[in-house]
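The letters A, B, C, D and E name the chains in turn, as written, and every chain counts its residues from 1.
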Amino acid sequence: MIDVVFTGDEARALAPLLVVLVVAMAGLLVEAFAADQGEEPYRPVWFSLAGVAGGILATVLLWDNAHSAFQGTFALDGVAAFTNVVCLLAAAASILTAPAYLANLGVRAREFYPLVLFAASGMMVMGAARDLIVLFLGLEIMSIAAYVLAGIHRTDRASGEAALKYFLLGAFATGFLLYGIAVFYGVTGSTSYAAIAAALPNASRFVVLGGVALLIVALGFKVSAVPFHFWAPDVYQGAPTSVTALMAVGIKAAAVAGFARLFITAFAALHADWAMVVWWLSVLTMTVGNVVAIAQSNVKRMLAYSSIAHAGYLLAAIVAGTPRGGGAVLFYLLAYAFMNLGAFAVVIAIGVKGEPNEQFSDYAGLASRHPLIASAMTLFMLSLTGIPPLVGFVGKLYLIEAIVDAGYIWLAVIMVLNSAVSAYYYLRVIIEMFMRDAEKPPVAIEPAPFLVACLLLATVGTIFFGLFPDGPLDFARESFRALQ
Amino acid sequence: MGVSIEHYLILAALIFAIGCAGVLLRRNVIVILMSVELMLNAVNLTFVALARQQLSMDGQVIVFFVMTVAAAEVAVGLAIFLAIYSQRRTVNADDINLLRW
Amino acid sequence: MDQLPLLSLIVFSPFVASLLITALPASPITIPRQAAFWLSLIPFVLSLLLLVEFDPTVGTLQLTETVPWMPSLGVYYSVGVDGFSLWLVLLTTFLTPVVILSAWTDIQHRVKEFMFFMLLLESGMLGALVATDLFLFFMFWELMLFPMVFVIGIWGGPRRRYAAIKFVIYTMAGSALMLVAMLYLVLTHAQTGQLSFDILTLYDTKLGYTEQTLLFWAFAIAFMIKVPMLPFHTWLPDAHTEAPTGGSVDLAGVLLKMGAYGFLRFALPMFPLAAQDAFPWIIGLSVAGIIYGAMVSLPQADMKRLVAYSSVSHLGFVMLGIYAFNRTGLTGGVLQMINHGLSTGGLFILIGFIYDRRHTRQISQYGGLWAVVPIFSSFFLIVTLSSIGLPGLNGFVGEFLILLGAYRAHAWAAAIATLGVVLGAGYMLTMYKHVIFGPVTHDENRSLKDLTPREIAAVVPVLLMIFWIGLYPKPFLDRIEPTATVLLQRLERAGADRHLGDEQRSLVRADRSDEARLARTAAPAAEEAP
Amino acid sequence: MIAFYFVALLMIASALTVILHRNPIYSALALVNTLFLIAVSFVLLDAELIAMLQVIVYAGAIVILFLFVIMLLNVEAEKHAFRLSRAGTAGLALALLLAVELGVLVVVWEPARVETPPAGFGSTELLAEHLFARSFLPFELTSVLLLVAVVGAVVMARRKA
Amino acid sequence: MHPAPDTAVVVATSLLRWIPLLPLIGVACGVFAAATGRRKIVHVTGPGSVLLAFVVAVVTVAQLWSLPAGGVLVDHVFTWIAVNPLRIDMAFRVDALTSVMILVVTGIGFLIHLYSLGYMHEDPDEARFFAYLNLFTASMLILVLADSLPVLFIGWEGVGVCSYLLIGFWYQEMPNAEAGQKAMIANRVGDAAFLIGMFILLWSMFDLGTPSLRFEDVNRLAPQLADAAPWVVTAVCLLLLFGATGKSAQIPLYVWLPDAMAGPTPVSALIHAATMVTAGVYMIARLSPLYVHSPGALAVVATIGAVTAMFAATMALVQNDLKKILAYSTISQIGYMVLGVGVGAFSAGIFHLMTHACFKALLFLGAGSVMHALSGELDVHKMGDLKSKLPVTSKTFLIACLAISGVPPLAAFFSKDMILEGAFASGHTVLWLIGLAAAGLTSFYMFRAYFLAFEGKSRVEPEKAAHLHESPSTMTIPLIVLAVLSIVAGWVGLPHGFLWGDAFGHYLEPAVAPRDALGHHEITTGTLLFLMVLTTGVALLGIWVAYVFYLRSPELPVRLAERAHGLYVLLWNKYWIDELYDALIIRPYVRCSTFFWKVVDAMMIDGVVNGSGRAVAATADVWRRLQSGNVQHYAMAMLVGAVLTFGVYWWTVGR
């Protein structure tokens, strides 16, 4: 008498997710059983890369804006597809950079790659969720995998501490998320966005905004928005860099996408109300991120603060609350993925066994030793600063356009001034690399082939989408329009 | 039974707050995690109460999921604690501040 | 664009060249050096072709090319040239080979990179000059910023990093606001017309007065920083002092012009009314800059610093001319950009040469050079005289026209500015006296070598231009004037269209009446001398 | 009525014990108590199945896990549960503030009309139906979640690095 | 091709451009010689180019004379600056006035070039010298040939630069360089005013529908200008006058000329006596039709001239440096010319300009020859009885002294007399008296110099006395020629009624404003005679006093100096004018500049810039400390966020 609804729509919507999950599980089994016959360092890499590729392929082939699955709680629509691609790119980067890096650290956790894929699947769920519970579960899948990944370098105190902090605060935030969900459940009797959007107009603003506040706490935590950001620098710095890359790009992308979808679609009716708080959130976030980044001496930590700042930029476009804003957010996620993953790849590349070389001073004279790596890093830094014609600039341009279009001129002004400030610390890296000579004898580094591939990918993306951003942008905008 | 739902809700809110306080006050991470559990259960109570109010099962279903999540979190969390403990022989939140500034 | 895309060729040939340089082996350093020099001649030759193609009778943009680039954003790759940009383009392509020659011995390490950045810089500058699409312009605007940062930061003096960062932050802070203003403008226009960054389209955006004023200032501040005008100038002395010779020359020669050029191409025509109403500020700051720059130059001990501050003064003249809002001043202003590029560029080149020999720029370290290096000294003399505006040399023509025009518009401002002519002679001659005249005070100077043929080859073209513009500026003026007229008519129409406050009405009316008189006076002036 | 207040008072008391007691073990026991009381109130709210799960999963599994770890790490009682440092008091104040806010939040909700629930409300059948029919996707996701948790726990708790 | 006044006959010729061009070619040769070190070249090209220019000038003048009176030769070379409404042609014109000037410039110029051959013989930088000298000649010719103010301005500044270079010719001595720069700056100050004058003039012409600065148009439209806006004419005249005071070393900008004596003597002769310094006078005469429309401005001109004449003369009284004496006398004489044009006696001013060119050049060259003999000695107290050793020099010098003193029938007698007469006739009696007194002083100090230097007993230092010798012929010949000129030059302009009368004046009439433009009351021959006698008497008196003081009883001046000690000190220190300028203008300016640099720029503006940077960094450091590393602090921060978010939302709902 229980009839499970499972039609083609469901199948299609789940397909990418299933691909990734299946590969992940298969990976677990393979590693479990193939472990005893000899070390095959690159097998899991290829394996999980295949999973990523499959996921992307499935996404590209199967996405459509028309249908949704599971009574409209889940859909592989444009937004989801875009999020999938970004998150899977992040996963790919983390996988590509991992082998050499983990080898340097002496970490021999074969579960690393499956865990990355699990995290990615969680992100995919968040991107596709049209129901608070689904969002919640996706978030948890992602987070739990991330907690473990952060701590996967078990002999390293920093890594452990990162895991601990991330876990405790994550769990704490979960509480708020659930309470928020409870509020909406109470008000609307349902947790699906559609129902919420329908019920909001004649619900008690007072109560609903309480719920919104709680959700902002939880999602703001994942997005690392000030004042919910404190975990980010510590965790980013402590976690293994490959994982940091995943967190900085993938988790942020998923959270932001979920945030955007929720607020722009479900809470559209209350835009006037929530916009104000998010406005402040975004201003605080970008300002604190940029300003504190100036004071850093560790590049990884600097990148952490920079990622906080970028979260601020993204929130600013969410404030706009328009499809244009949503589209800009999605595109910026893509842009951010390329340039930031590239940056982390470089950070990994110049680390050698025993010395991670994460201090600014370690970059001194890099240009003369490894001109190509230095040039790549320069590209990423300039792109993060927002210098045309790199992707970072175009992304920022779209964000500002959306913001200005929605009439938040001052927000736009604050944002551009912030990016002027950010020029300072991004430039510092360039200055170290090009305009200073190394104090300590340079260590020869030869980046592993996978790493090079990752760098190449990031570089190409950074330049190409800077020059020809139209495709992805139109796609992103369309997918948000389709949600209205 | 003439108790209106909001009594339950207020009770839940109180428990939630107590949990928060625990998270902020206790220095032993294990107890902190317990406090988190308190919070989650408070939310559970809320869900059930609301479900009762609306006479819809969804609330209870959600509680089901929440429990699972809570269990999963505890498992991973405690594992992490073990790892930490094996590193530095302490689970005192104050002493775990290698990463800062 | 039925004919060959000349402008694109000019803009991108240095870019391609820079890429080629990277492909070359870095040592022996003569390889990239030679390559860079010969490659840098290509854009120059092309730009000569441009000069031929250019139709002096047309005042509007010509040789335009337009290709849709980012349709979703209304961004076009559209370039064009008119009387304002034409000569600046030529100046750029002309200076680059000169710079490379002059940097021959100055740059000894990482030559390949240096040449790469120099050519990239050229590409950026050219692009910014010919771009007629706001997005494109902004792109090149930033693109020319960073090569310069590298040039300063890598090959600069002891405080090069500080100078580089200061340069970047200053400029970016300015251009940040400009970016927002740009988007605001584009979106406002999109509400009525189509979404487009093309300036010709944006020219006729309907803007409220306050809107217009705010936007104007957003643009203006970015450009004022670049000019640089008075309160925003302090990046310049540091940048100049720290930069290597080549950097200084390009900085003074072209980069500084971008500010004034920005006013001409964007700020004025896009916000005609606000721009005209801003005159009290701009005029005031220009005049203040003229005097202030001249005064601060006097006590400087470092030659480059002195010349840098003198640039503040000279650019003040340029802005004054532009804001005269009549043909004489405007044309003079544009011509003065070229002049300043030549004379100040020449000064930097020469200072660079003497720096190569003695590795100091302290004026007190020199003296009595004429006895030792007569050729250097005489070249230095000519450039100095050109920079203080001696009639018969280029500087005078510009200053004369500027002051003449400015006098028509704002007599007192012009009168005060004329003081700058005296003060200019003051500091330049003082420096010349201490460096060239008097007894040889330092024994190191007794053994100085005079200019080598290569160095002479680098300077002589500049000198020739100095004389040419000084004696026969007509070809230059003839090509600038029509464009100036177009701009003026535009400003005037704006004045006529909108309801105005009294003082700006009178401003515009004065201008219009001039135009009217021109109709009468043009007749005798029309027929040409045999 | 009386039942509720009885349960409520006990619950608060034991919850406070959890966060106030010096000895983690007692905290854990107090936690069990609290969770049990919550289960009781579930029953009062006609959610028998959930109540049962509550007892089994929480009291039965989770808290045991806690106790296990506490023993394993033989964490001994602290000198005093927490010192009211400036941060501590601030935290307390904040918690209170939050309590007030949440309280206000729920008070504002219009009082629920409590009518007798239909037959079978909270029954296993009904729950099962909702779970598998309406909430199929979340259900499956929880399975993934548990898998990840297991793997994670193993990875983290494994003895050899 | 240009609309010309209906009266004048205008003939276009491409001859004129060669007059400045030839010396320019000389410059090229000079540069080449200097660069390659072949000094011989300039011996030919230096004087040669100027000689050719002189020949061309003569031919031109002949051509001019072939035209009916008031004829004009024009040469349009090319259009220099043309931006509507402005149009400036590189064009030259020769009329009566110009013809005089080009003859003077090329003629005297050639003699001085010739003289320099001998004078600069040993100097290694001879080539550079001649290059400069030729360049100067060219600029001066452009100045006088110009047919519009801007073109004149080219020459105007050109000569300024040349004098700058030539004063500092011996650059190794810093004082010379200083002097050169002083001259340049002083000139520039004047030029700034000159520029503004041009602007005002051009735009007023523009408002009349003729945006032109050609002398022809300006002079033609002067009446309309005066009608349209009288203040404009006055302003223009005064501003141009200020420019002239710089160039012609008048009050207040005369201070550079005495220092300018640092240059080689031929330079002093050519630039700072014969030609450049008279440019101001020429310019005023050139624009006389404009000036006459502003009596006020003319009055100022006259006053400045008279006062300068007197002022400089008094300073010349006590100088011991021979060249300095000559310098002050030059200032004074130019004062006369300015006075002349100021009172409307334009032709008289030019007349004196011409004669002065002859005898002052002669005086300087004589002084040069003395220096040559005494190996650079200039103190008149260290000379004496040179006439025995330097016959030619002394005789010619004497003639020059007589000439400048205005002893009939030598040159200055007629010219100076004509000026004073003009002053008298115009009713500026005070100015006339000043001029008269100055005339007396002139003859006194000139003869003081003469007696001290050439008469009496020798006070020459023995080692110098040993090789006293007359200068080579290249130097003496110019002296003789100039001496002859100093005698005869005046005869072209006799007072009315005598023989051919004021032929010079008549000749100039079409070029300058008629002297009765200001309604001179015509003066009778009787008065004329009286005036002539009077001036001659004053001159002779001065000579006699000088004779008494410095030959008959040399102790007198010493006693006088003690008696009127205050006055003596005042004069000796040249009224402390230099010190005054230094204290009032130069030092405050420098101090102010340093203040701007050190305080405004470095502290205030950059302070704000770097300060904001530092502020951000400081904030960063504070905020960074918030990141305490303690999990619970982070949690608390989150809680704060939550509480605040609630608060804000409910606050909004409340509103």
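The rule is short, and it goes like this: a contact is a pair of C-beta atoms (placed from the backbone, for glycine too) under 8 Å apart; a residue touches a chain by one contact, two chains touch by 3 or more.
Everything numeric in this text was worked out from a predicted model, so none of it was measured.
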> What chains, if any, are shared contacts of chain A and chain D?
Replying inline: B, E
>> Taking touch as defined above, what minimum step count separates chain D and chain E?
In response: 1
>> Please identify the chain with the largest separation between its CA centroid and the CA centroid of chain A.
In response: E
> Which one of the chains is farthest from chain C, going by Cα centres?
Replying inline: D
> For which pair of chains is the number of C-beta contacts greatest?
Replying inline: B-D
> In whole angstrom, how far does the Cα centroid of chain B sit from the Cα centroid of chain D?
Replying inline: 6
>> For chain A versus chain E, what separation do you get between their C-alpha means, in angstrom?
In response: 79
> In whole angstrom, what separates the CA-based centres of chain A and chain B?
Replying inline: 26
> Between chain B and chain C, what is the gap in Å from one C-alpha centre to the other?
Replying inline: 66
> So which stretches of chain C touch two or more other chains?
Replying inline: 169
>> Residues of chain B that contact two or more other chains, please.
In response: 16, 19-20, 23-25, 27, 29, 32-33, 53, 58, 65, 69, 72-73, 76, 80-81, 83, 93, 96-100
>> Touching at least two other chains at once: which residues of chain E meet that condition?
In response: 624, 627, 629, 631-633, 635-636, 639-640, 642, 646
> Chain pairs in touch?
Replying inline: A-B, A-C, A-D, A-E, B-D, B-E, C-E, D-E
>> Looking at the complex, which residues from chain C come into contact with chain E?
In response: 166, 169-170, 231, 233-235, 292, 295-296, 298-300, 327-328, 331-332, 368, 370-371, 374-375, 385, 390-392, 396-397, 400-401, 403-404, 407-408, 414-415, 418-419, 421-422, 425-426, 429-430, 433, 436-439, 471-474, 477-478, 481, 514, 517-518, 520-522, 524-525, 528-530
> Of all residues in chain E, which touch chain A in the complex?
Replying inline: 616-617, 619-621, 623-624, 626-627, 629, 631, 633-635, 637-638, 640-642, 645-646, 648-650, 652-653
> Residues of chain A touching chain B in their complex?
Replying inline: 133, 136-137, 140, 144, 147-148, 151, 154-155, 157-158, 160-165, 167-168, 171-172, 174-175, 178-179, 181-182, 185-186, 189-191, 233-235, 237-238
> Which bits of chain B are touching chain E when the two form their complex?
Replying inline: 20, 23-25, 27, 29, 32, 93-94, 96-101
> Taking the complex as given, what residues does chain D use to touch chain B?
Replying inline: 1, 3-4, 8, 11-12, 15-16, 18-19, 24, 27-28, 31, 34-35, 38, 41-42, 44-47, 49-50, 53-54, 57-58, 61-62, 65-66, 69-70, 72-73, 75, 78, 81-82, 87-88, 91-92, 94-96, 98-99, 102-103, 105-107, 109, 111-112, 114-115, 117-118, 121-122, 126-127, 130-131, 134-135, 138-139, 142, 145-146, 148-150, 152-157
